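Read through the structures below before going on.
Okay, so chain A shows up in both of these, paired with chain B first and chain C after.
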Partner chain A sequence: MTSFKFTKYNIGRAFIYLILLFFAFIYLAPLYVMFTTSLKDIEEIRSGNLMALPIDPTFYAWKKAWSSACTGSDCNGLAPYFWNSVRIVFPAVIISTIVGAFNGYVLAKWKFKGSEFLFGALLFGCFIPFQVILLPMAKLLGMLGLANTVTGLVLVHVIYGVAFTTLFFRNYYVGIPTELVRAAKLDGAGFFAIFRHIFIPLSAPIFVVTIIWQFTQIWNDFLFGVVYSGSGTQPITVALNNLVNTSVGGKEYNVDMAAAIIAALPTLAVYVIAGKYFVRGLTAGAVKG
Partner chain B sequence: MLNFLEKNLPKIVLAPTTIVMVICMYGFIVWTGLLSLTKSRMMPQWDFVGLDQYRRLFANPRWDVAVDNLFIFLILFIVIALVLGLLLAIFLDQKIRAEGAIRTIYLYPMAISFIVTGTAWKWILNPGLGIEKLMNDWGFVGFEFRWLVEQDMAIYTIVIAAVWQSSGFVMALFLAGLRGVDENLTKAAKIDGASTFRLYWHIVLPLMRPVFFSAIVILTHIAIKSFDLVQALTGGGPGYASDLPANFMYTFTFNRAQIGLGASSAMIMLFGVLAILIPYLYSELREKNHD
Partner chain C sequence: MGSISLNGINKSFGSTEVLKNINLDIKDGEFLILIGPSGCGKSTLMNLIAGLEELNAGEIVIDGKDVSEESPKDRDIAMVFQSYALYPTMNVARNICFGLEMNKVPKSEQESILKRVSELLQIDHLLDRKPGQLSGGQRQRVAMGRALARSPKVFLFDEPLSNLDAKLRVEMRTEIKKLHKRIGTTMVYVTHDQIEAMTLADRIAVLRDGELQQIGTPYEIYNDPISHFVADFMGSPGMNFIECIVKDENLIIESGGKKYELLIPCTDALNNSNLDVVLLGIRPEMLTEVQPLAVNNKFIQKVKFDVEVIEPMGADTVAIGQWNDSEVMVRLSPESGNSAGNGFDLQVDTSKAILFDPSSGLRIR
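Up next is the complex of A and B:
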């Protein structure tokens, strides 16, 4: 190793690393603060400061956040709502992904007169501010008897998620050579056979991207959750917000932070495990592929 | 019959989505649009009163505050996130060791919900126990930071939290763009003796035009839809000082039983999105036709 010299180049490099590390610190700080705060007791929170390490770490806040903190009028912690979110997310992700795969397949390889227009019209759904559909959707859910139910929320997430899933699959399938489809057709393969035997085996990456995207979107949703759920059927984001805004007997910041981490854990875990695909999903609609 | 099915299979597969789209997107937009022309309060009713609700909306000081806030938020959020994202991307593009790890750190906030982000920053910015106390403990006695409870400053806390959450994403967009720049181009410029600054300013940045475009559209979209972040961080307060249009719409529709007024505010939000989206799609399509 050569000894370090203060050349212009080296100072420049050092500066770049310094800036990058400084921002890494800024991005990580809130997570650090949340985590350390969640391990302190309320005395320590009042006497210490944000960056101080917990002197006497305790899981009190985590236990309370999970099973006995008050979210509005009932005090069962976040657990029931965590499971609500699970019950909403799984069916909604699976259904919207499958529908999107079929739609994308048709829009990419079985174009018909007007299919491009349909795609454009559907794409628009990725951009509308959902405020314009909130009320009529509430009416429709009421008419279907699904107001304030988990099933109703699944339905809403499927309906407004399909625009994205279709976009993902369509853009991916456009890249698969049409000659493959033609050759298979000549061999007598039909619509479903071609999908099943040619497209599905090639689709693993786009399934992962779509599933991760939908999972994060739906798990993190608040707007639909707060409008279409009733007492007992709220998803975790709504429960977290209620928990933070319920102050029975003094504010417990440690419980708030433990609850926030619990609400964030599933999507964070997905990000850590499959970050590459997560990024691809984020940029899929943005960077022209 | 079977032949007919076989032939129309693609259309049949697309039919359910099409029907749902026509009803639940376009039908619902029309429904909300019509509702905004009635004097509905608690329940939808269909006595049309023309643009009365829009007049009431624009005369409502709370809506004024929400729209002003949106502009403050939009401009600051977009400019800061773009500058920060671009700088970090350029720095990260200098053959940095542990690039992957640093990128992961910059981007993880994007995986978290705005409610969690809001909850975390509400605690960090807590007047008294948050950053203020930290700075005091670190020796900056008398340091004050009470934006969260100040009428004029609360909206800026939303900017801080939103930039924290989204700038890593902008960085990822730019990094992908930078990686797409032809290396020969930059090499040639270096041989010609261009400084790094001039290289980026005159050659690389102009090539990033489409990325700027996409990033601005996405950030605008995030900003206009921002509802949860405000709800979790400031609750729209103090008073209604940090309301955004989405929060206005929610409050008047669901808490105040003024659904006609709520519908008119939703329609204005839609028009706002369209005003940005249509030129974007237009230029995208024109570019594609040129290819």
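Up next is the complex of A and C:
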């Protein structure tokens, strides 16, 4: 710092960092409050300062939120619903991603009469609000005998997600030179061989983007979860809501906070693990041969 | 082996006709160049031969078999693309063998083909690399290796050298020619570079606006062009075109402030055409400084010439001046010592001069 001077440039920089720090603080403050509160006992919450660190940290609230808190009439914590969410999210993400990759491949490189219109119509699916399809979808699920089932929720999420995944893959594949397809055709590769040997190996970044996107969307979904699930098949978001709204005696803020963090943890983990690929995938341009 | 017949080919994209009634016979083992300015349909014609586009009318016969309706993989054709189109996630070895793999060639056979091809193209030390780790010239070789591996009936080249720098382009050009000599397979090669066309071709087909203008050996195309367009397209520096008034079977030109009557061949044709004004086409190498030992020939004439610009090109020097208000390029030896702003005696050899109808652009003959 010996050579630091108050030049115009340095003052500007300092100002930028100050603003960034300020906003980082605003964004992180709730997380801080949630985390510290979840480690306090209920006496300390009532008497102490919201921003203070816990005096005697305890994982009691976390244990209770996971295994014994009451969500409505059941008192088994979030655990069963967490696994419900897992059982919904994994198949829904995998199926919608694979279907999207395939759709994108066809719409980008095997254009047919009306394929542009079809793509436009699919895009339209991205803009349909959840609420609009609630009733017709309920009717459809009833007809299929999938009402109140995990399979039904998977189906809903796949249908709703395909519009987005198709858009992602189609736009990514448009950037891959068509000459690669032509070269492969002359090499004797067919429709599926080209997809498997040339497009799939090029798709890692867009797979990451799509998986993160779909995972976050489906894990965090509340509306479809609350409408189409039965009592035993509710996803964790619905259970969290029930947990917070069920009060036996006083409100247990520490349990509520721990439960909210548990519900958010998987999406957080996905970002931490794959986040850098997310940005890379979104900005990935054409593949140079 | 690999003869190709194109019979009455028509191709439109929407309402634009890209190719109009193309008829072309390519002999087995021939090196045919398709040349023309951009947008003339040459790449489309190549894609039609490969089966990457569908015909609107006509038929394509390869090796005596009508393949118009067949898919690219059944035509036994290999193609080298302008962008090389190497598979970016596969290493060089797999790029070369991909076609064999798709055609279910046994592994051991693939190995021996890979060895042969990579040694032929001197890329055997690159087999484990990905295309992204190769230089332009190396990619070009790999792309050729991929085409060679399948031993197809016909090779198609779509402007394969246009992404290389000038020096490498000349090197690869020679290599392609050597390759053709060695394997003797039919090659169809698209380019817009007339030097590539002249040096490589057995025959050149000149395309313009979707129509075949002329087909012939490089010598015929260069010395006996059918139209103003073909004459203008081939040669660098290009042919000179001068509008001249006809007088008693001679052409009147004004050069260096004086008027001359230029004696020309093909006077019968000129008489038959009944034109008062014709377009004289004469190549720059027919206009030189006076050669002391020139053979006695009535078509060798002398005119005064005023030099406006001098462009030294190393092996020779191009001087630019005016005839009848048209720019004229002459080819001098670098030792001639002429400089801009000076006049000198120019030796004009009209024995290879040709005449065009100025309105239609067609040859008068």
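Just so we're on the same page, the second predicted complex is superposed on the first by the 265 of 289 C-alpha atoms of A that agree within 3 Å, B and C clash if a C-alpha of one lies under 4 Å from a C-alpha of the other, contacts with A are read in each partner's own complex, and residues count from 1 in each chain.
Rule of thumb we're sticking to: a contact is a pair of C-beta atoms (placed from the backbone, for glycine too) under 8 Å apart; a residue touches a chain by one contact, two chains touch by 3 or more.
Note that the structure is predicted; figures quoted are calculated from it, not measured.
Overlay on chain A: chain B and chain C fit together in the combined arrangement. Number of chain A residues touched is higher for B, counting chain B against chain C. Of the two partner chains, chain C is the only one that A:D187 touches; chain B does not reach it.
Of the two partner chains, neither chain B nor chain C is touched by A:V174. By the document's definition of touching, neither partner reaches A:A14: not chain B, not chain C.
When the two complexes are overlaid on their common chain A, residue A:I273 makes contact with neither chain B nor chain C. Vertex at chain A: the C-alpha centres of chain B and chain C lie 90° apart in angle, rounded to steps of 10.
Residue contacts after overlaying the shared chain place A:P136 against chain B, while chain C stays out of touching range. In the overlay built on the shared chain, the residue A:I55 is in contact with neither chain B nor chain C.
Superposed on chain A, the gap between chain B and chain C at their nearest CA atoms measures out to 10 angstrom in whole units.
In the superposition on chain A, the residues of chain A contacted by chain B and by chain C overlap at 190, 287-288. Of all the residues in chain C, the ones that touch chain A in their complex are 47, 50-52, 71-73, 77-79, 81-90, 98-99, 102-103, 131-132, 139, 146, 150.
Contact residues on chain A toward chain B in their complex (touch as defined above): 13, 16-17, 19-20, 23-24, 26-28, 30-31, 33-34, 37, 45-46, 49-52, 99, 102-103, 105-107, 110, 112, 115, 118, 121-122, 124-125, 127-137, 139-140, 159-160, 162-163, 166, 190-192, 216, 219-223, 226-227, 237, 240-241, 244-245, 253, 256-257, 259-261, 263-264, 267-268, 270-272, 275, 278-279, 282-283, 286-288. Listing the residues of chain B that touch chain A in their complex gives 6, 9-11, 13-14, 16-18, 20-21, 24-29, 31-32, 35, 44, 84, 87-88, 91-92, 94, 96, 102, 104-117, 119-124, 126, 129-131, 133-134, 137-138, 164, 168-169, 172-173, 176-177, 210-211, 214-215, 218, 221, 224-225, 227-228, 231-232, 235, 246, 249-250, 253-254, 259, 262-263, 265-267, 269-270, 272-273, 277, 284.
By the touch criterion given at the top, residues 177, 179-180, 182-190, 193, 197-198, 201-202, 287-289 of chain A touch chain C in their complex.
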